[in-house]
Amino acid sequence: MSFWSHFSYAITIFLMVAGLYIVIARGNLIKKLVGLGVFQTSVYMLYIAPGKLIGGTAPIIDANFKVYSNPLPHVLILTAIVVGVATLALGLALVVRIREAYDTIEEDDILASDEGEPGGDGQRR
Amino acid sequence: MNIVLDVLSWACLAGGGFFCVVGGIGLIRMPDFYTRMHAASVTETLGAGLILLGLMLQAGFTLVTAKLLLICLFIFLTSPAATHALAKAALLRGLQPLLTAMGDKPSKP
Amino acid sequence: MFATAACALLATIALALARAALGPSVFDRLQSANTIGTCAMLLLAVMGFLGGRPEFLDLALVYGLLNVLGTIAVLKYFRHGDLGEPGDAEESPKP
Amino acid sequence: MRHNLVLRVVAKLLIPFILLFALYVQFHGDFGPGGGFQAGVIIAAAIIFYGLIYGLDAARKAMPDRVVETMVACGVLIYAGVGLAGLFLGGNYLDYFVLDHDPAHGQHRGIFWVEVGVAVTVSGVMLKIFYMFASRGRDPE
Amino acid sequence: MALTVIVLTRSRNLFTVVVLAGVYSFLMATALVALDAVDVAMTEASVGAGISTVLLLGALYLCKSEETKPVRKPWLPLAVSAAAGALLVFGTLGLPAFSDPAAPIHTHVVPRYLNDVLRETGVPNVVTAVLASYRGYDTLGETTVVFTAGIGVIALLRRRRKQPGAANKQDAAK
């Protein structure tokens, strides 16, 4: 259990923490979505990295190779990526709608305008 | 014959790597955007071409070589187009070359 | 030898990344993004040879394609502010 | 970009290659890297590229909204249909062994059609999303 | 990559954020290739660098917002993130080391996939085989999710395409 044997986890955790920080600390909604993307990629790393075997190759069966990396995480992450971009699009659509309703995409302004006039003109146009 | 091919491809790979690094250094060191673009094009043409040539020599006459040629074509087709669009956009945006700041007349786009 | 080329490409990527990080204008960043894309493409090709499986060049082709797509999209956005416009005479007056 | 001749010519040269390459990725996905998701995204990228350079209206003419929406639904239907075909031929749902006399060939066929369904859905959804985002701000307000 | 993320965190200009997100995605895909995940890298590159850049730009155009406000108090989120990171580091101490062939992930269902895939399906690419055949239900559900997301975007963005006046008229007519 040296440091290098857990290096991939360190990268994963760094990315995850960075994504988390962006999501929590930034008020802009698009920025938040980008942070969510970073977080998501850290999860990809978390899945893919243990599947790698040093000396193995990509899981495409060939007579010349004996050792393959683990294909199962690849499958899971493959679906996760496409779902991720679909949800990203959905989130962006929501942001666009929010911007049309509130004229801002800053979280604080949205909260302020909600408190200012609850159920008022800000919500539906 | 084989050794000649190996040496040639190694030379190509080394040259390509060298030009890539030169382009990268230029990207850092050049003073303004247009000169930087010039530096980057070193990477994108000479470096890429040499590396792909080296790989082609290694691969021999297979499908791989065809794909490498395709990549080569792709790079040589798209990256000047992208650079052209970039330069045009920058000029239209009003980013002046450094020369004009030194006292020349601003060139018309 | 492949390893040397890969190291050179990695160094180039690092340099371009530095430019992207501290580039004063958006165009600098774009240019370095483009360079990074090209280098990543070459790196992929080299890495395929390094691992002894040169079938992965498809991947490099995808990289090249999407690199251009991204750059053009950003430029389009920058010039017209709109992704769907065919572009009219207003932004580039004929001399 | 009406005056941007370089881009237009390059795009005209490239787009058929991109579409061809997408088909290659789709059908070569059994033997190399690739498959339905990638091919769908690449097809969508090609048409988005077209739309970026020649304008959204041109892309809409080449790929009408109706077609895109049909693609979105058809992909899922193809996928589910493969499952139903297995059901009708005497297997379980999404059981490919019964699709051909030889089980391995049946698997191959099932995987092929499933990938087609995935590609159609993914490209349709991506294109539709692009159309929605790009056309949103363009209508006269 | 870490540098990209740091710059991403710090930069205010949303436009820069989008460009850097594309770069980040490219580098991520390269790292995935280094980890032997070829199909995943292909998807990540095409999706991350191509499509989501275009989508982010489209949303950016619709939002027309270039700057965000400066952060007020970064200390609380930073503390939360650091605490989460510390917990995660503590958690990794129990995990198997990198590239350990005896790890649980390599011993359970995967050898069956790798050994039998050629005989059972005749498809050399194990990822494709597992995706479409062994885990067909998963993929069906996933395709449905993509479909639903597309429908959701259509539903969200199609409304109120007309002028605000027309919308008001419709509201009044209701």
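Order of writing sets the labels: A, B, C, D and E. Residues in every chain begin at 1.
Definition applied: a residue touches a chain if its C-beta (ideal position, glycine included) is under 8 Å from a C-beta of that chain, and two chains touch if they have at least 3 such contacts.
Please read these numbers as outputs of a predicted model, since none were measured by experiment.
Path length between chain A and chain B in the chain contact graph, taken as the least number of steps between touching chains: 2. When chain pairs are compared by contacting C-beta pairs, A-E ranks highest.
Centroid to centroid, with C-alpha atoms defining each point, chain C and chain D lie 24 Å apart. Centre-to-centre, using mean CA coordinates, chain B is 31 Å away from chain E.
Residues of chain B in contact with at least two other chains: 74, 78, 81, 85, 88.
Among all residues of chain E, those that touch two or more other chains are 18, 38-39, 41-43, 46-47, 50-51, 54-55, 58-62, 124-125, 127, 131, 139, 146, 149-150, 153, 157, 164.
Annotation for chain D: residues touching 2 or more other chains are 4, 7, 14, 25, 31-35, 37-38, 41-42, 45, 48, 52, 122, 125-126, 129-130, 132-134, 136-137. Contact residues on chain A toward chain D in their complex (touch as defined above): 58, 60, 78, 81-82, 85-86, 89, 92-93, 96. Residues of chain C that touch chain E in their complex: 13, 17-18, 20-21, 26, 29-30, 32-33, 36-37, 40, 43-44, 47, 56, 58-59, 62-63, 65-67, 69-70, 73-74, 77, 81-83. Of all the residues in chain C, the ones that touch chain D in their complex are 55-56, 58-59, 61-62, 65-66, 68-69, 72-73, 76, 79, 82-89, 92, 94. Within the complex formed with chain B, the residues of chain D that make contact are 4, 6-7, 10, 13-14.
In the complex of the two chains, the chain B residues touching chain D come out as 74, 77-78, 80-81, 84-85, 88.
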